[in-house]
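Pasting the structures in now, so scroll down.
The same chain A turns up in both complexes below, where it pairs with chain B and then with chain C.
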Partner chain A sequence: MANETTKAEIKPVETVTVKVDGSRVEVPKTTPDWQGNPIPTTILQACKMVGKEIPHYCYHPKLPVAGNCRMCLVEVGMPAMGRDRKPILNQDGTPKIQKGVLPYDPSLPRGAIACATPVAPNMEIHTDSDNTKMMREGILESLLINHPLDCTICDQAGECKLQEYSMEHGQAKSQFVETKVSKPKQVDLGPRIMLDDERCVLCTRCIRFTRDVAHDDALGIVNRGSYNTIAAYPGSKFDNNYTLNTVDLCPVGALTSKDFRFQMRVWFMKETESICTSCSTGCNIKVGSRENKVYRYEPRDNDAVNASWMCDEGRLNYKWVHREDRLKECLIRNHNSESRSVEWVTIIQELSERLSKCEKGSVAILASARASNEELYLIKLLADHFEAITDCVPRKGEGDDFLVQSDKNPNSNGARAIGIAFSEMGIQIPEIDEGISEGRIKTLLSFGENITRVGMNDELLAKLDLLVVSDILGSHAADKADFLLPGCAHLEKRGSFVNEKGRVQKFMKAVEAPGKARPDWEWLRELVVHVTNEKPADTLPGLFNEMSANNAAFGGIQWKDLGSLGTDIKI
Partner chain B sequence: MIIKRNPLTWFEKLYIPALIGGFKVTLSHFFKKKVTMQYPEEKWTVPEGYRGAPYLVKDEKDRTKCVSCQLCEFVCPPKAIKITPPGPEVNAERGNIEKEPEQFEINMLRCIFCGYCQEVCPEEAIFLQKDYSLTGESREEMIYDKTTLLELGGVKESNIKKWDKKAADAKAQQSH
Partner chain C sequence: MSLNIPQKLESEIEELITHYPEKRSASMMLLHALQEHFGYVSKESIEWIAKKLELKPINVHELVTFYPMFRQEPAGKYVVKVCRTLSCALGGSGKLHKHVCSKLGLDAENHGLQTSEDGKFSVEFVECLASCGTAPVIMCNNEFHEGVSQEKADTIINQCP
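Right after this comes the complex of A and B.
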C-alpha cells in the first residue's frame, strides 16, 4: 500500500512530443495559463521552453489570450490521417506530415497563431522557415500601413516591439503609396495617461489588463476598420490606481505616461533593481536613472509579490528624492541654537562623546519602519547598550484587494523581527512622551521620522538634554536637533526590507546622495563602534548576515540567498 | 656600409655660386603670386562639404527642426552634446511636431568635428558648417546653447517636408 501512494505522488508529467525546427522535443501536456490554471500547452509556450522566441504583440503571459495581432503566426505541419483514422506513413515508416495551406490557394501557407494553438503529438513547428518569415513580413507590413513612423518624437523608441520586430522580421521598404489614415494624437485618456491613436496596433493588452487584472472595465475599441481606436467609455475617465501598467504593457508608443512623457530617452537610462517603499507590499521595481536623476519606476517581474504590476501611487512616488529641502549638512547646534556645519568625523566623534555620558534607561529611540533591516539592527545594538525604550511610527492608509496594503511602511515586519517595534506599532510612543515629560528620559534619538508629527511638541522636546535627529527631508524636529545627521533615500543605498507577507527583499543603489548625506548604515555602524564596544560587520552583506544570525526570525538566511527576487521567512 | 665622400672641389669651396643660386630662387618668388595668407585678418574660404563646427538649423517656416530625439547625444564620441528634453507640457505652437528641445548645448571644446551628429540626425536639424576657428575667453563661453547654435546655423531648406505633409493629410481627412 505504502508503495502505491508514493507512486501516485510522483506522478510523471504527461508530455507531448513535437518537432520544433526539425528537432524532436518533449514538452508538458499542460502549462499554467495567466491565472496559473493548467491549460493545454500552446505552441508559443512550447517554443519558449526549448529556447525559441516567437514574436508577439497581443500575447502576454499574465493576460488572457486574445490572438488578434497575428504576429505569432508560424508554419505548422500535422501528421496526415487516413480514412481509418490512423496516421499515413511515408515509405521509410515516418508519419506523413501535412502542412497547413490556404483552401483557395494551396500554394500559400496557412499559419497557426502560436499563442492560442495547443501542441499536438508529432506536430511540426517551423519558427524559422521561409513561409513563417513570409507571414511575419506580411503581418508587419499590415501593421505599419497606418503607423505614423514618428519614432523621433516617440517615447517608446528604444523599447518598442514594433521597432524591434521591424528590424528583425520586417521588410526594409514600404510598398504603401496611399495616404495613411490619420487618427487623434494627444488623447487625454485619464489623469496619468496620454494616448496616441495613430501608433496603436490594437493588440488590446491595455483593455484586457484593466478589465481582467485591475477589474475596472474602462477601455474599449470604438469605430470601424482602419478607424479603430482605443477609448475610455464615454463620460468616464481611465483613472484607476493601476493605469500606468498599461503603459508598460503597450508594445508600441500609443499609451504614454504623462509623468515620463518627453523626459528622457530610454536608452540613456540605467536600470537598478529596487523595491517600492510606498507600502508594505514591497513591489519589485526597476529604477530608471541617468546622471543621478531618477526618471521613472517600472515594475519588475516577481510572481511571489507583484507579478508584473505596481500601483500608480507607488510608481509616481519618487520625486521627493530630488526635493530642494533634502538635508545635506551635518549640523551641531549649541544651547544658543547656533548651528555649525561639520564633517562626518567630527559629528560622530562629538555625538559619541555626548552619548557615552548618557545613563542607561534614560534614552529613547524612535526609529523608522522605512529604514532597512541592517540599519534597524545597528539601531537595536545602540538601544540594547542604553537599555533604551524603542518604537517606530505607524503609517496607516487605505489598502485595496490587489496590491496596495494599508500599512504604508515598507519594513514594518523587519522592525518587528529585529525587536525595534512590536505587534502594534507605535504603542510605546505615549510612554516615551510620558517619560520625557516626567524627566525620566533625557535623550531622544530619532532616525528617519519627523517626531513633531507624532505629537511631540516643542514644549516636550525642550525638556530633553539631547535630541539627535537623522532624516532625509527637512522638518521642524530637524531644526530643533542638537545633532542633525543627513540620511539617504533607499535609492541612494543598499539594504533589505521584510514585506507584509514576510518576504525579505533587497534593494540596490541607483543614484548618489546629495551633499554630505551618507548611507545610514555606514555612519550608524561608526556610531555603534564608538559608543558600544561592539564591532559589527563593515560591509552591507556582512551586516545582513550578522543581523540574520542574531535574529531567529530570519532563520539564518544570508545576503546571497536573497537573489533578485528575495526569499520568504516566517513572521 | 661605408659611403665614400668626395672632397669639395675648388669651385665649390668658393661658396659664391651657391649663394647666387639661392638668391635667384628668392628673387623669382618676389615677382610670383603669393601663396600665403595674412591670417587672421584674411580668412580661408572653405570648400563645400567641409566639416566645421556643428550648428542647429531652422526650416523655411522659422521652426527649430530638432525634435529632441537625442540620437546625436547618444552617438557623439566625445560626449560634447547635452540635450534637455521638453517634458510633458503640450506646446500648441509646434502643431504635430510635438517635441522640441528645451535646451541644446554643444561643448565646442569637446567637439571633434567628426560629423556623426549630422549623419545620425533623422530630422536633418544639425549640420557641420564652415566655422573652423572658435575662440572664447572661458570654458563656459565655449559651451554653445540652443539660441547661439540656432543663430549661427541659419535656415536650411529641405525637399522632404514630412511634418507638413502629415499635417496636411490629417487636415484633409478631417473634412470628410
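Right after this comes the complex of A and C.
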C-alpha cells in the first residue's frame, strides 16, 4: 500500500534536450532557484549538471540573480525558425542552428549570460568556443581596468575568483595606459568588516545577501560609473549578526574579515569539517587551522541546516580554544587540598578505585549538553551503574528568526535522547542540590560544566565525599575537585551532536589538544571499563554505532550514515 | 537638525506617492520636491524620504549620489546652468562658461557645481538643456535663455536682484 502511494507520487521529470559543447544532454525543465522554488533551468545550471563550470562573479546559487558581472557570457545557438514558426531543417533533417550575433556587426558574437538565460529545446551552448573565450577575455579585461595589481599583498590571494579567472582567461599584459580611478581603501564598513573599494568588482552579492537573506537592507552602490562604490549609509554601520557571510560571498578581496585578514595565507591552512557549537542549530563549518592553531570558521553548505551561512557570533567563537587557562594536567587533591599532577593511567586507576566504593544511589552526575553523543552514552553507562541522578546545565540566550537558536547548547537533544537530560533541561539540579545538602548524595561527577555557576556553592560542595570534575577551562569547581581530568574542545576530537531539529551531525578533529588534555570519550571509556562490567567499543565510530543500537531514538543509524551532512532522527 | 516640512508640501508629497504602483517609485519625485523646497537634499531629507517610502536611507542615498542634479550642499540664490552638450559646445558654450565663471570669481576648471564667495550665484556646466536649435543656452534658476552671448550673460547676471 505504502509502495503504491510512493509510486503514484513520482512524476516523470520533464526534460529539455540541449547540446553542450557538441554533446547532446538532457536536463530537467525546471531547477530550484535561490529560494528552492522551481524556475526554468538556466544555461549555467544546465552546464553545472553536466560537469561544465562557467566562470561567474555575481551569480550565487543562494542569492537572487543579478546578471551584472557578465562573466558568464557564453556563445549560444538557437534553432532557426521559419515564417511558419516551425524549425528550419538542414538537409539531414537536423534543425538549423542560428548563432547569436550583434545586430550592427554580424561578424561578432552576441553572447547570452548563462546565469539568467533559460535553456530551450535544441539550444546549442558553447562553453569553450573561441567566441566564448573572446567574450570572457574582454569582460575580464574591463574588470581589471581599475583593479589594483597587487595580489601579492592582497589577503584574498589564493581564494580570489578574479585571480583564478585571470590565470585561466586573462592576458599577461594590460593594454590600459590611462590613470586608474582611485577609490576609498580600508573603509571601516562595520565592526567586523573592512572594505577596499578598489578591489570591488561590483557584483552586488553582499548587497543582495544582506537585503534578501539577512533582511537588513544596509548596503548599496553609491556614485556613478567608474566611481561606483559599495557603501553603507553615511554614519551607519554594517553590523548585523550575519555580516561576515559577505566576506565569504565576496569573490574578490574587497570585503575582508577584520578578525582573519592578514593572519594567515589561505593555502597554508588545513580545512576540517566540523560543527559550530555556539547554539543548537549546529551550523556546518569548515575549520581553517595551521600547526595546531585555529584561524577561522567558515560556513559549509548544508541545505538541511544552515544553507551556506552562519552567524558572526558563532563564527568568531573559537578563540577560547587557545586560552591560557586551558586545563592541561590530571590533578588529584588530598584532604589538605594539596594537589599532585599525575599521568592518565594513575588518575583513572585511583578514580576507579574510589568510585568502586560508592554506593548505588549516592552518586549524582552533572554532564554538559556540549558533550558529544558518544561521551554522553559513556556517561549514561556510568549513571546506570550507580543508579545516579543526572542532568545537564541549560544555557539560554537570545535567538533570532534565521539561524540563531535560544538554546546555546549544541547537543541538548543528544543529551535528551540518551537519557542524561530531560525535556526541561536542568530540572533535576535542585534535586541534586537537595540530595547533597541532606547527605544522600556523596559523590558528584561534573563533566564539562562549571557547577558553581548553577548555584552549587563551596558550602554545598564541602558536604561531598568525592568531587570529580572534568572540564576544558579552569573554574572554581575545578579548583575544588578531588579529581580533575582535562578535557578536549570539540575541535580537538571527533564526535557527533543532535541539533535543534534532530539532525545527527559529526565533527572531525582539526587540532591537537594542549598538554595532557585528551578526548573525553577515550578516558570516559577507560573509566566505564574499570568501574562497571561493560566493555564499550574502543573506537569512536564503534561507540556511535553501539550507542545508536542501544538507543531507540537513534534508530540504529551507523557512523558511516552520517556522511558529511548528517542525517535526521525523530526526537 | 529636524526637518521642517510645511503641511501643504507634505500633502502634495503624499498625493505624489499615490501616482505610483509602488511607493519606492516616487523616490525621484520626492527628491526633486525637497530639493526645490530646501535648495538641496540634506541628510535629514534623505532620511525623511526613506521613512515616507518605507525604504532604508541607503536606497535614497544611492539615487542622490548617482544623479548630478541632486545637491547635497546648499547652492547660491541663483543657479546658472550652462549647457555643454554638442550644439551648445559648437555654439561656444565653453567660452561662455569660462566667461560666467570669471565674472563671478570662479575657476572654470573645477568640476561640478560651484558657488560664488557671496553665496549669490552658483554655476554648473550641465548636459543638454533641450534647446539645441538656439544654442548656446543657459538657465538661471527656472528662467530659460536662448542664444546667449557673453554680453547677454552679463545682462542676465546683472539683472538678478
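Simple rule for what comes next: the second predicted complex is superposed on the first by the 561 of 571 C-alpha atoms of A that agree within 3 Å, B and C clash if a C-alpha of one lies under 4 Å from a C-alpha of the other, contacts with A are read in each partner's own complex, and residues count from 1 in each chain.
In this section, a residue touches a chain if its C-beta (ideal position, glycine included) is under 8 Å from a C-beta of that chain, and two chains touch if they have at least 3 such contacts.
Being a predicted model, the structure only gives us computed values, none of them experimental.
With the two structures aligned on chain A, chain B fits next to chain C without clashing.
Taking chain B and chain C in turn and counting the residues of chain A each one touches, the greater count comes from B.
When the two complexes are overlaid on their common chain A, residue A:D259 makes contact with chain B while staying clear of chain C.
When the two structures are aligned on the shared chain, A:Y233 is found in touch with chain C, with no touch to chain B.
Once chain A of one complex is fitted onto chain A of the other, the partner contacts of A:W320 are absent, as it touches neither chain B nor chain C. In the superposed pair of complexes, A:N223 makes contact with chain C only, with no contact to chain B. Contact with neither chain B nor chain C is seen for A:F176 once the two complexes are overlaid on the shared chain. Contacts of A:W267 after superposition on the shared chain: chain B is touched, whereas chain C is not. Figure legend note: chain B and chain C, brought together by superposition on chain A, show a least Cα distance of 8 Å. No residue of chain A lies at the contact with chain B in one complex and also at the contact with chain C in the other. Against chain C, the residues of chain A that register as touching in their complex are 217-224, 231-236. On chain B, the positions that touch chain A within their shared complex are 67-71, 73-74, 85-88, 90, 96-99, 122-123, 166, 169-170, 172-173. Contact residues of chain C toward chain A in the complex are 43, 55-59, 61-62, 65-68. In the complex of the two chains, the chain A residues touching chain B come out as 148, 150-153, 157, 179-182, 185-186, 194, 258-265, 267-268.
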